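The structure follows.
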Amino acid sequence: MATVSLLSDEDLSPDAAAVFADIRAARGTEYVNNFWRALANDPPLLRATWERLKHVMAPGALDPLVKEMLYMAVSTANGCEYCIHSHSAAARAKGMTDAQYGELLAVIGMAMQTNGLVSAMQVPVDTAFEA
Amino acid sequence: MATVSLLSDEDLSPDAAAVFADIRAARGTEYVNNFWRALANDPPLLRATWERLKHVMAPGALDPLVKEMLYMAVSTANGCEYCIHSHSAAARAKGMTDAQYGELLAVIGMAMQTNGLVSAMQVPVDTAFEA
Amino acid sequence: MATVSLLSDEDLSPDAAAVFADIRAARGTEYVNNFWRALANDPPLLRATWERLKHVMAPGALDPLVKEMLYMAVSTANGCEYCIHSHSAAARAKGMTDAQYGELLAVIGMAMQTNGLVSAMQVPVDTAFEA
Amino acid sequence: MATVSLLSDEDLSPDAAAVFADIRAARGTEYVNNFWRALANDPPLLRATWERLKHVMAPGALDPLVKEMLYMAVSTANGCEYCIHSHSAAARAKGMTDAQYGELLAVIGMAMQTNGLVSAMQVPVDTAFEA
Amino acid sequence: MATVSLLSDEDLSPDAAAVFADIRAARGTEYVNNFWRALANDPPLLRATWERLKHVMAPGALDPLVKEMLYMAVSTANGCEYCIHSHSAAARAKGMTDAQYGELLAVIGMAMQTNGLVSAMQVPVDTAFEA
Amino acid sequence: MATVSLLSDEDLSPDAAAVFADIRAARGTEYVNNFWRALANDPPLLRATWERLKHVMAPGALDPLVKEMLYMAVSTANGCEYCIHSHSAAARAKGMTDAQYGELLAVIGMAMQTNGLVSAMQVPVDTAFEA
């Protein structure tokens, strides 16, 4: 259960409703997920978060699927259940194959493992990496 | 400073030396970085880690540069200084541009931010994501 | 589900019962929440934790509401679901307004974001901060 | 060492220079710390981060010192060395007393401890907290 | 809910079925838990993970119960619900007493607390520890 | 550098000096490490932390070396450099062998890896673990 109300469309302030309209237009779907319905309790925070997300996740030097997988990687390390679910769904929607997902899992597992080994041994950074 | 010795080539056991030879052959360089010199104190752990890393980071359904960026994303969320340096260097060596790096930073920042917002509000997973 | 039993009042050892009596007296309510019912399986750990918490969260140089918000901030970064729920409820009970909560969320989101950016770039501490 | 260059004033693009001018004006000091010098490599990310930070940390329903302490709490849980140094310095500059700092430390220690205990026992959220 | 299917025995590829047979033989039970059923979607990752886990958790210089408790400690700090449940159950099955569990909890709580205090104050490593 | 002063013996308040005397007596050495010298700025926090640590780390149902290794495991997952160094030194002083250390590393690496895999796939807890 959330610690805040998940606002339905009828409960939105005019400002929040305008952001929801932009989310729907940008995504081409009527569906607005719970994250935005929770943030809608604070319309300025809702708007700032959506405007930034829309910009950051747009196609650019990295393609949107790679961005979704990077989002999954960070969210996994942080253990954010909701974020893992929402960005896994987004990555699937953007064409992530089973083979790509399997390799993503393998890289995450490897990185977690060596992060732990490096942390335990406190390995100093090579001068070569600083060049 | 490491909590273990960083072994020089002369200090390696035959097993560890064989792994170092494989690292050099696979990477096409004489340079072996500190992580392996720390792990070399435990040759079976060195071998298991290297064999797995070599396999996981090889080209596949994801290209090696994307894998390096995923590694950077996980290591950043975990705050692993050494891993961030070594995989940033590896990503640069594999052609990561400034524009790609800038977008990687922006995605990491965005994911960290929304991970925090979601965690603070304990947003429940949408049924739609479970389909 | 917990990995331990949540003890009802009838199941408490005399030592645990004495701690529960003190919790009830200090808080002015009969309700004792699940955290204490889980810890009650180990009465000395229950007592040590309660005695310390009672002392740390008491009014002092920081007011109790600020302490609850600090607790929420740490618990959010650690992703502790139970702690987020219990300290959000406590902060509300101590008068946290919607405006304060919105700003708390914004600060948490900002801190998470810049923690990630700093970690990714491994920014060195300014000499000026060390003065 | 950073994984990016820390740009001096002479190295700034016009866009980054404009942000630095705003940082100096807003803070009333010529000093611009390393975080911004690292971000200056990516002027749009620099601007977006600064604009948001300036807004979030401004006085509002929470006073600026409380915001700095919340920032310290999140940064501590995430182990972000740079962030802890910079926001400890900012909190001191905004009047944090030794007594307030001591209580901040005590709350952080308590929250970390109970986050661990709750996580280890997987205590379920009380229905009472969901009301 | 998982983001992947939990495969039943009938859905396994021949490779995955062979790993399940080895899990059953090694553990002396027909029961195969959800982690393996999730990994079974990617038979090479399933095999690599199982082969390594079987080796790492085997009796050696540390006894298997100590290894389970170490696993619980790491999983608790990372907030991994599934891992905490599965390794708590494994530790109980290997004879962990209530007294041992109580001390494990107390050590985890203490470590979390001092990790937070050290992080907040950025205590420098003693030269004496580096000798 | 610490964000607080590391107090020398001459700078201690009488209360802090009494705690230092107890640390020296309990450990049988004149050496008092930096963590306590940082905490000495807040004598009540120093005392509360030391009294609890002394109690928690004493021999009991778990032997002191196992407790040090558990401390290392938590501190590694949290990336606490100081804590890793101080408890690695303590574990060595209590007789941790190279073979034990190698297995500790292997378990930490394995746990980190499977924590990541479980988190990424959001594996649901088996009903069998809840019995």
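We just call them A, B, C, D, E and F in the order they show up, numbering each chain from 1.
Methods note: a residue touches a chain if its C-beta (ideal position, glycine included) is under 8 Å from a C-beta of that chain, and two chains touch if they have at least 3 such contacts.
The structure displayed is predicted, hence computed values, not measured ones.
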item: Chain-contact steps, minimal, separating subunit F from subunit C; value: 1
item: Contact-pair overlap exceeding half with D-F, pair selected from C-F, A-B or A-E; value: A-E
item: Of C-D and A-F, whichever chain pair has more C-beta contact pairs; value: C-D
item: Distance between the centres, which are taken as Cα means, of subunit D and subunit A, whole angstrom; value: 21
item: Subunit B-subunit F separation of Cα centroids, rounded to whole Å; value: 27
item: Junction residues of subunit B - those touching two or more other chains; value: 1, 3, 45, 49, 52, 74, 76-81, 84-85, 88, 102, 104-106, 108-117, 119-122, 125, 130
item: Topology of the chain contact graph, where touching chains are joined (line, ring, star, complete, other); value: complete
item: Footprint of subunit F on subunit A - complex, ascending; value: 72, 76-77, 79, 81, 84-85, 104-105, 108-117, 119-122
item: Subunit A partner contacts - residues on subunit D that touch it in the complex; value: 1, 48, 52, 55, 125, 130
item: Residues of subunit C defined as touching subunit E within the complex; value: 1, 3, 41-42, 44-45, 49, 74, 78-80
item: Residues on subunit A engaged by subunit E in the complex (per definition of touch); value: 79, 84-85, 88, 98, 101-102, 105-106, 109, 116
item: Complex contacts: residues of subunit E adjacent to subunit F; value: 1-4, 6, 31, 33-35, 38-39, 45, 49, 52-53, 56-57, 60-62, 66-67, 69-71, 73-78, 80-83, 85-86, 88-89, 97, 99-100, 102-104, 106-115, 117-126, 128-130
